[in-house]
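Pasting the structures in now, so scroll down.
Shared between the two complexes below is chain A, which pairs with chain B and chain C, respectively.
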Partner chain A sequence: MKAGQSYIFRAVGAVLFFLINVFAIYLLLRGHNLPGGGFIGGLGSALSLIMLSLAFGVERTQGILRTDPVRVAGAGLLLALLTSLLPLLAGDPFLRHYHVVLPVLGKIEVGTPLLFDVGVFLVVVGVTAKLIFVLARPNADLTALAPEEWRNYAAPLEEPIEKTARSESPAPEDDVP
Partner chain B sequence: MATALLIILFVPLLGAIAALVAGRRLGAQTAWVVLLAPALACAATVWLVLQFAPGTRTVIEWPWIPSLGLNLTFVVDGLALFFGLVVSGVGVLVVFYSAHYLDHHYRDHGRFYCYLMLFMGAMLGTVFAGNLLLLFVCWELTGVTSFLLIGFLHDKGESRAGARMALLVTGGTGLAMLAGIVLLGQAAGTYELAALLDGVAKGASPGRLNAAFVLIALGALGKSAQFPFQFWLPNAMAAPTPVSAYLHSATMVKLGIFLIARIFPVFRETELWSPLLVTVCFGTMGFGALLALMSHDLKAILAYSTVSQLGFLLGYYGMASPAGAQGDFLHIASHVFYKGCLFMVVGIVDHATGTRDVRELGGLRHRLPLLAGITAVAAASMAGLPGTLGFISKEYMLKEKFDYWEGAAALNWYPMVLVVLASVLKVAFSVRLFWGVFGGKPRPELAKNFHAPGLAVQLPPLLLAGACLAFGLFPTVLGGALDRLHTVGLHHPVDLEFHIWHGVTREFIMSMLIVAAGAGTFLLLQLERWRWARVPAWLRFDAGFEAAVDWLPRGAKLLGRGLRFDRQFDFLPIVLGFTVLLLGGFWWRHRGELWPGLPVWADINPLRAFVVGLIAVAVGMVMHMRRWTSQLIAVSVIGFLVTFYYVLFRAPDLAMTQILVESATLLLVLLLLARFPRSAELSEATRAFPVGRQVMNAVIAGGMGLLVTLGALMAMKHKHAEPAGSYYLENSQPLAHGTNAVNTILVDFRGFDTLLEATVLVVACLGALGLLMRYRRTAEEWAAGAMGPAGYGLGRTTDQKKEKKSP
Partner chain C sequence: MNPATLMILPVALPLVTAVVALMGRRPAAWRRWFTGGSALLQVVVAFALASTAWHGGPQVLAIGGWAAPYGIVLVGDLLAGIMLVLGAVTALASLLYGFAELPVGDEHPLRLPLVQFLVTGINLAFCTADLFNLFVAFEVMLISSYALLTLEADDWDIKQAFPYMALNLVGSTLFLVAAGLAYGLFGSLNFAAIAERSTALAGTPQLTVLALLLFTVFGMKAGLFPLFYWLPNSYPILPSPVAALYAGMLTKVGVYVLLRIFGQVLPPDLPLIHTLMMWLAAATMIFGVLGAVSRNFIRGILSFHILSQIGYMVLAIGLFTPYAIAAAIFYIIHHIIVKSTLFMVGGVVVVLNRSDDLTKTGRLWAVAPVLGVVFLLQALSLAGVPPLSGFWGKYMIVVEGLRQREWVLVGCALLAGVLTMFSMLKIWNGPFWHPEAAGGVHLADARWKPMTAVAGGMTLLSLGIGFGAEFFLRVAHEAARQVLDRGAYVTLLLGGGN
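So, the complex of A and B:
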């Protein structure tokens, strides 16, 4: 995706990005008791990233993010796993959840399910954002993966097609009889 | 005792983590940190041995998944302790050796020691496992970690090929073993080893026991590189030498022997036990010795001789009497000492001269006098010369073969003949190994690249060779030690007695004849200059195996092309047409009982009907539109309209999810469509089907619609089953402390599912990233045509072919 041409879209997009994310986190936090949760919140947050890349271009968005979304997904998975392993330390069965009532702002009941949900949130954000970025980059005449990422996702011996840009004439597809 | 066991099992894992952390900073010095782990494990094992009362069995149990019959049960008995000692003891030596061997020429020391420690942990887990399923898990873990170790130098094609072969063979036979374990577990009603060893399975039907035994034995034969799986071991020699010394002489390949010893009391009575093990394994013994004689690479010689010796050790259990085996630990210990030592020696020679080809080496005794001495002792032990442990082992072995011959068993001559044959060949290649490297005239061309090894790197092989010599001179010490490890059920109740001199018995005469014949063979071949010695390709089996592996993706391609996966226009009517025919036919036959009855018009809600009308309009749009983008947006209008029903039936979670997923999918597919050239879209738009085809499509589409409608009506009418949801609705608040049942199901009631789904999501993403990075085909691959081996990662890449050609 190239950067959008519309100044208004860019201006609004920057504000909307924060609003959507606040809402997504709100959905995540209230998920245990009201409609919402990690999956929905994560999708919302991922959509906000897509919107940002529509407005500012995918390369700039990735620059703003700084980290590879796959790492975010990995961190989420690790968090969910650690949360589910935590009870083993206390001698309880795998995936047991604990709850505490905190006396702040009235009485708020929080528990490890929230941590688990945050993990799911991160996994969904990371995976969705990464896939969309990778699919979107060729449309902006970029390689699907940045050259410094090649080694992370592919065999070292092979050489990617999309070394420079899409404008290079594509190799002829093998003809199907 | 439990504490010592915990140390043994967890210290390697801690060592693995420490290696990763320390590896970045310390580089080649990581070994000194890691060395603590095997040393501690070894000390704990020794402590356990001292605590251990011979002939007993202690079971230590921690519950894990009791509902699956899977407990973390560990067994401490003589067998486990013996193998535990071998694994941890050789582990200490190998880490020490690696510290000097893997110098700054190597990279990623942290990763290397991490894999090595993980492997050791998996080995110790297998050895001490007290539950067959746990044993299997650890067993496969050793396979995975050995894959990583063999392929450690992953920029070399042969390392990758060797690693893949080892993983496929040991993993594949491991699956057979899993099937055998399940069969045994079903027959006996338990997976606990302690119960099985006490004879729970005795009453099971013999057919089942036989099948279980054959399957489990398959796993053991694969792991121990027995015929017809022997080919992976020589190819696994692409690993760095410390790995070969550890995995392929002392530990991993011994797992097959361990397993057979483990299940000895369970299966000894089955009628297939002796015939299968004796025929296959003694056959492999002779075969391996022959191939060892025909090889020139020092590591290949050692690899084939290991195959041969493993054949003997497995066959040994095959011919043991039901009362138990006796000298098994002696033979295993003897093999560990000399083979581990020789592998390390080969590594040092390779390091010092830059070659492992025995034809290019020679005369090194002046430059490496200490190493020559070490090798002389170890090779003498391999050949079974008097004064070494190998001699005691061979005496004992021959005595048993004579006893077996005199016994009335069928095929009683077979082990004797092959053992004698293999021993003669073994003497020949032992002498060759020593003489080829250290004997003869000094070679001037070796002097160029020569750099002398330090004293420290020669210490571990020196210790092992010293053990060969010391136990060979004072066998009663070893006999006493091994008696301490007496294992109930496996061992003959009579104590072991080894002596250096039994007098001039028939075994002694036989032994001397073997040495003489072996020396004669060597002399003859030396005069012949080993011209004929070459392992023919058809005896190596690995080419055939690789070809079979290469055919997997080709077969998949053939199938895909045969079924026209690439042309959905032709494919879809067939699939949908069959669905309509089968389901419609079934429905028509049972129309009497299945007919749901038409809905009453008064029941129809105008609001819902209006939305249905909108959906129908959107469907019409999809058919009418010609541009892909417009069609896609019309499709997603349908998706958004469906959300309305979720709102109507008060499922806000679903509605929100549907909207978000719909938006994300729409964007995703739009992005994909943007990648197609305009010409593709135009050619499809102008494409017109013949009238007959259009009618057929319409009929199939109409039939599908009818079926789905009928299904929906039936679902409305027949609501017998108790919906699963009510349990969650009732218990969401009291059990999971949340009022949103959808969320409590996701994170609490079915949290395990969610965890695995999240894992699947990440794995799928990684896979997709690999696929989205497309590769340019080389000219060669274009020439190979559509069926060529391009892509798939399974076919050989061009680089690999080049590497194969060069030597």
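So, the complex of A and C:
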């Protein structure tokens, strides 16, 4: 995806980015007892990233995100895992959840499921963003993968599995510029 | 702490390891130490769980404290324990083998995390007692396996991997349909609830349809005839350490689930399914081994052999007596170790001869006799020569087949054994016996020594299984007894009260 040509899109997109994310976080927070939750909130947030990459280009969006989306997903997974492993310390089964009711602003129920949901949120954002970047970068004449993700080994010393079959198959066509 | 609480560890440990390895983006020595240490810990945990199940009976963990049939439960009975131990040992061996094969810098940054995700899925499939959770486990396993298969692939490899993915996606869809059907029939997806409620439905067409669907799904995952062609072309494109893990574990997950579903969850009187199972198993044996005979490169031969060996295990499940189920379990124990070792030997041959094409390899018996001995022991074991581990499983299956007067099936099994021997000799005549090696012998490449050492360690295990068959048979019989005792299973999961 090349950077959008439209000034209006870029101007509106910058504002919408925050609006969408506010809504996504709202969905995340209400999720435990009402429709919403980490997954749908994460999708919303990922949508805002897709919109940014349409408006400003993939490379710039990656710059805004500052880190590889895989790491965002990894952090989310780690958070969700730690939340679910926490009860083991107390001798409770995996995924047991705990609640407290805070007497602030009426009664706010806060529990470990919220942390779990934040983890899910991050996983969804990270995975979706990574997918979009990998798929979109070739359109902007960039390589899809980061250099460290390039193939650097597939048993370099091995013969192709069936060379006869390969020689029978048509030769791959050269990339036409 | 309640020992059942620890049952989550076989799932949680590899998952944590995968995530931590993922966060360290670049391949580095610390990642290897960390993953290797975790794999070792997983072996210890698996042994602890298996020994708990052996001495204290099955353990149940209700996740989040929600009891069955509403919550998801993990059950650690002896069969699950055995499979966990085998999975952990194979994963550890394949990791060590991979460390020996590849310098740190050449490793793809996603390989270690993906292998650990794969192990997570496999372990969850062994522990779970819920049909939908099983589906999730399969998806975790399959998605990691798609990624690993195409991680370091070129265009040709991706073409080979495509049938693997396409067929498994169809299988997953069918699985989902079957789960929906099961939920409609029983109102629950918990194994024990299904076991309890399906008894009343025994013999009805609905149950037969469900059983057929499940058989199709898991038969496909296990690599049964006629839906096996995703396997023999996709496995050879894997790097050899990963191939060793795939060959050992992935199809055996399918066999394990067949054993679990048909032995424990669905009612035992499904004569149609059992007959179908036996004949398809026989066809798998014959076609698999004929495919192996037709190939002329090591990994191709070995990949087809996986299929033919799956045939033996499924035949034993189809015979469906306590003795036959025990035989199937023993066969799984033997097969996982032997098969991954053979793939490892194939990898060493590639390092030494720079090829695994049988016409280009040679001279290895003269220069690396240890490798030859390792190969010979495992190949003869695969073919079923006494007193190696493969003999006992085959012997039990043949005895049970004769007892049930299934002459044709027994004939197929014996014929497949002979052809297995023949195709193993084909490998022997290539890299080990042939006096010339077109690609030369690269003994100076020091990687082959630690790689052979790992394969040798696995061979020692396999020898142990062969000579200690008495003990392993007792374990297999106890595991089979626990599986077939459906009443105890229902009581254990749902409580005696209802």
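Convention: the second predicted complex is superposed on the first by the 146 of 177 C-alpha atoms of A that agree within 3 Å, B and C clash if a C-alpha of one lies under 4 Å from a C-alpha of the other, contacts with A are read in each partner's own complex, and residues count from 1 in each chain.
Criterion: a residue touches a chain if its C-beta (ideal position, glycine included) is under 8 Å from a C-beta of that chain, and two chains touch if they have at least 3 such contacts.
Keep in mind it's a predicted model, so treat the numbers as computed, not measured.
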Partner chain in contact with A:70 - chain B first, chain C second, else both or neither: both
Which superposed partner A:91 touches (first chain B, second chain C, both, neither): second
A:116 touches, of chain B and chain C: first, second, both or neither? first
Chain B versus chain C as contact partner of A:50, first or second or both or neither: first
First (chain B), second (chain C), both or neither touched by A:81: both
Touched chain A residues, chain B compared with chain C: B
Which superposed partner A:36 touches (first chain B, second chain C, both, neither): first
Contact residues common to both interfaces of chain A (with chain B and with chain C): 70, 74, 77, 81, 94-95, 97, 153-155, 157-162
Residues on chain A engaged by chain C in the complex (per definition of touch): 68, 70-71, 74-75, 77-78, 81, 85, 88, 91-97, 148-149, 151-155, 157-163, 166, 169, 172
In the complex with chain A, residue positions of chain B that touch it: 155, 566-567, 652-653, 656-657, 660-661, 663-664, 667-668, 671-672, 674-675, 736-740, 742-744, 746-748, 751-752, 754-755, 758-759, 761-762, 764-766, 768-770, 772-777, 785-786, 793, 797, 799
Residues of chain A touching chain B in the complex: 1, 27, 31-40, 43-44, 46-47, 50, 70, 73-74, 76-77, 80-81, 84, 94-95, 97, 99, 109, 111, 113, 116-117, 119-120, 123-124, 126-128, 130-132, 134-136, 138-139, 144-145, 150, 153-162, 171, 174, 176
Residues of chain C defined as touching chain A within the complex: 1-2, 4-5, 8, 12, 15-16, 19-20, 22-23, 25-26, 61-65, 102, 106-110, 151-157, 160, 233, 236-237, 239-240, 297, 299-300, 350-351, 354-357, 360
